[in-house]
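Presented below are the structures under discussion, each in the form of structure tokens.
In the two complexes below, chain A is the common chain; its partner is chain B in one and chain C in the other.
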Partner chain A sequence: MRYIDGAVRDFKDLDLLATGETTIHRLDARAKVVVTLVFILSVLSFGKYEVAALFPFFIYPAVMMALGNLPAGYIAKKIVFVIPFVLAVAIFNPLVDGQLMIQLGPFGITGGWVSCASIIIRSILTVGAAIILVSLTGFTGICRALEQLGMPQAFAVQLLFLYRYIFVLTEEGGRASRARELRSCGKKGLSLASYTSLVSHLLLRTWERAERIHIAMLARGFTGEFHTIHPKRFGGKEISFVIAWSAIFIFIRLQDIPQLIGTTVMRMIS
Partner chain B sequence: MHMSDALLSPQVGVAMWTVSAGTIAYCSRKIRNELDDRKVPLMGVLGAVIFAAQMINFTIPITGSSGHLGGGLILAILLGPYAAFLTIASVPVVQALFFADGGLLALGCNIFNLGFFPAFIAYPFIYKKISGAKPTPTKRSVASMAAAVIALQLGALGVVLETVASGIASLPFSSFVILMQPIHLAIGIVEGLVTAAMVSFVYKAKPEILQSALEARPIGHEPVKNVVLAFLVMALLAGGILSWFASKDPDGLEWSIARVTGMEELKGTGEGLHGSLAAFQERLSFLPDYSFRKPGEVKPGGGGNKSPQAAMETKTEEKKSAGSRLGTSVAGTVGGLLTLAVVFISGFLLKKRVQSA
Partner chain C sequence: MSHHIVDIIDLCHTYADGTEALRGVSFRITHGESVAVIGANGAGKSTLLLHLNGYLTATSGAIRIGDFPLTKGTLPEIRRTVGMVFHDPDDQLFMPTVFEDVAFGPLNLGLMGADVDQRVEDALERVGAAHLRTRPPYRLSGGEKKRVAIATVLAMAPDILVMDEPTSGIDPYGRRQLIKIIKEFTHTKIFTSHDLDMVLELCPRTIILHRGLIAADGPTEEVFLNTALLAQCHLEQPLSMHGCLLCHRKGKEAAA
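Up next, the complex of A and B:
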């Protein structure tokens, strides 16, 4: 039950963030979608044993959160929540891959631990990029951008419909679920039988509602697409945004910057 | 929980994106051309129902643990394969963006694993074949159960294959399969039970929904065959591209970048600072003890003058030999920590400036 409330709150929080009015928020959504994809691809293109070489990529979330005025703590919390699930698979790396990789004095670190660390860094970066994208652009903006980038219109309409009804139905499902939990006095009532009848009722009610809504929409001239004003266009700002970030990503992808800094510092010390 | 980006290689991710995007485009065209537009709002709302239903848990008989509905099969039964695929495909998009459940690059994989198997394999070839033209309640239950189990087994196998092909997780194929398949057998049985119960409930309460789903579908055998065929072609293409990359180097992007940058540029940069990653890594691998490289030990640009192919070949050999190309030497660690510090401080300062402005 708390999960449902939390999920609804998640939607509302991220939607609220997306209504911000910073320079980054005002950019055309396509630019942000493209940059996010380039970012994820460059991060994931590293070999499985890279750890330090991934660090420079943190510049992207750091700058975007700062410019977009996003709450760092909130986004960090969302990322931390996901890591256990990645770790469930990554934890097998140290068990399977026992080859010694680094010798730091008496401590030997195996390749498995290195690649496990790499997976965690990867997931922080990629999950962070996704959350930042949605909190800077909003779901509607992303859908429109994807449609302009060539996503079929039927799928775009599907995504927008889904998004509009998720609020209504999760709240309705949440109420039904709460009612069932309150009447089931512990665990006994949460059986498969009551579950299917509950979900089936939800389904039938929704089906009828969808038909009513559709008739109402037809009466108002719905022809299968959502018309929106497009105040944003892909202008010079967007082009430079995409080019600048892509150039940075490719540069840090090709140059191991931590290694360079480390070598320079060590040379100065010795 | 869906597949996340962190365990995926770009090659597998992009290949599966292509496959899923192609299937989505095909289904969208089908829906536009052949089905009545009444289905469009219905799809959106049913996607939301699946979303809501996934949040309500129930107690699984015998084990006592809790489970929830996956939903792919029930959508295929209610909407037919094309509309169902689009509906299922839209759910992981929302989950990836709002709950960080599954990555953006992994969307291709997740849509395929969750949508393709129930809509285009389990529904037409298992459910419809078993339930037949005049389904009885028993037939329908058996059909839902079998279809759900097979869809989930195939989906789980998809996850395993995509993860192993990516090569980021070290878990070998056989152990991963042994871990995944039995769990998904259990989940599949539960999904089958719920789907069967829901289908029979809907049939009793509103039989015209199922009937219309059966009749209004002008989908013969050919279109489904087309999808499967198209998928096979795409899979072969993707597999071909993948194996082409894999045969050169596990890291295809690196390889293609080295090819694009070409030899000329590599020759021009003696220090290797602006050279390609391959040349750079080759130089690093001269550090046998992973400690700080003493200046003058390696001639600058020693690796930079090699052709990218040659550099790649030496690199693959190095990978085999004790993975010596690690950037995690002492210098790397120091540099990494410094980089992180610089990044966070600059982000913090930037934020202060933005807020005060």
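Up next, the complex of A and C:
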């Protein structure tokens, strides 16, 4: 429970970053969502043994963090948090793929190790882009953007409610779990019976709360439709933001920049 | 001004599990009255409130709000007329920011653009929460949440304000602020509360519910002087009606 508590607190902190007042923060959320999607697609579209060509993509998180005044150390920590999960998946590649790819003197690097490294770099890039998106836009802004981009309103509203009440629910869960711990006389672990009871109580309480929220919504004239107050404008700034970044991503995707630099340097030397 | 009148006629409500929460409750609240509905836990207070905006349907009996009997057809109008502030403000604040939450009601009423802004600003100003407008609800303190919850209702310009335990769970300063805000609302007010000192301060009239029936209905001071009745209904006189504890102790010491 403490783990979930911490994760939720982190999410709140990310949202706090989204209240910033930089030019990037003020851009319409749709522009940032689209650019992030193009970025993720470009990174994922490389072949599985690609490593070097991925590095130029770090320009995007670096520039966005600088323009959005985001604390690089904090974002890096959030990314590191995800790496163990990625490793758990990628670590099997060296075992399965033993084909020798690179020979460095006496050391041979197999395809498995190369693809493992490629997966880790891609994860850092994509998870980083997602975290940066949340810190620059806020979860609510992203939901609204997705809705404006065509996602059905029912899904957007579900996501918004999930986000609003995840904090209330984790607090309730945290309290129940603490109450159990305090009465478990130092015994560690959770027996199946007490776990089932704890979760079912939480479910029932959630149910009751949902009912009360529904009453509160009806009391304020809710008829099934959510209205937006001030839709933001997708103007010139947003269009240039999307076009510029997309062009850069496509260029980096199609041109192997490290190789290009390598050959240019070699040519200059010779 | 008949739309500020609440008429409850022989209201009964039995829950699906057979619990008889209300067993024939009748009263009439007229324009501008401030009335407290008090009673022990389980006396039927919350059940009664949930009938006032049509969330619960009476098993028998009738409710009239202003000129309309409460029916399915009149429900939208009645929900606009009766503003309800719930016990737990977390149930009431469900939108991403305070501003959007307060705007939720006016938008549902069909207002748009600058009109909504004006309503929201006015309502937040009235509860002293204008500076919280961009904050998400989970970043508010208990007292702030309560004030914003009241603003969400005030923004709909209700004729009747109904509040379920408005001062529960907030600190003395927050409570004092809240009492001030409630005093400023000049239309009809109905509360349930265990904070009998607040009742004494805000409500000239008090109704005591006991096991689903009305045990008393009259001027608050008179009702609170009937200690036998209060004890029978599992209630006590408000602390402000007791003598000063410190003076009492000092008097005893002096006598000894």
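Some observations on this one:
By definition in this document, the second predicted complex is superposed on the first by the 255 of 270 C-alpha atoms of A that agree within 3 Å, B and C clash if a C-alpha of one lies under 4 Å from a C-alpha of the other, contacts with A are read in each partner's own complex, and residues count from 1 in each chain.
Operating definition for what follows: a contact is a pair of C-beta atoms (placed from the backbone, for glycine too) under 8 Å apart; a residue touches a chain by one contact, two chains touch by 3 or more.
Since the structure is predicted, the reported quantities are computational estimates derived from the model, not experimental observations.
Overlay on chain A: chain B and chain C fit together in the combined arrangement.
By the document's definition of touching, both partners, chain B and chain C, reach A:Arg209.
By the touch criterion defined above, A:Ala244 lies against neither chain B nor chain C after alignment on the C-alpha atoms of chain A.
In the overlay built on the shared chain, the residue A:Thr140 is in contact with chain C alone; chain B does not reach it.
The superposed model places chain B and chain C at 110 degrees from each other around the C-alpha centre of chain A, with the value given to the nearest 10. Partner contacting the larger number of chain A residues, of chain B and chain C: B. Of the two partner chains placed by superposition, only chain B is touched by A:Ala154; chain C is not. In the superposed pair of complexes, A:Thr126 makes contact with chain B only, with no contact to chain C.
Shared-chain residue A:Val80: touches no atom of chain B or chain C. Contacts of A:Thr19 after superposition: chain C is touched, whereas chain B is not reached.
Judged by the touch definition given at the top, the superposed model places A:Ala219 against chain C, while chain B stays out of reach. Closest contact between chain B and chain C, by C-alpha atoms in the overlaid model: 9 Å. Overlaid on A, the two complexes show chain B and chain C touching the same residues of chain A, namely 160-161, 163-165, 168, 209, 213, 217.
Partner chain A is touched in their complex by these residues of chain C: 50, 53, 55, 76, 79-80, 82-84, 86, 88, 90-92, 94-97, 99-100, 103-105, 107-109, 116-117, 134, 136-139, 152-153, 156. In the complex of the two chains, the chain A residues touching chain C come out as 12, 15, 19, 138, 140, 160-161, 163-165, 167-168, 209, 212-213, 215-223, 227, 229. By the touch criterion given at the top, residues 1, 4-10, 13-14, 21, 24-25, 27-29, 31-32, 37-38, 40-49, 51-53, 55-61, 66, 69, 86-87, 89-91, 93-94, 96-101, 103-105, 163, 167-172, 175, 190, 193-194, 197-198, 201-202, 205-206, 209, 250-251, 253-254, 257, 273, 276-277, 280-281, 284, 289-290, 292-293, 295, 319, 322-323, 325-336, 338-340, 343-344, 346-348, 350-351, 354-355 of chain B touch chain A in their complex.
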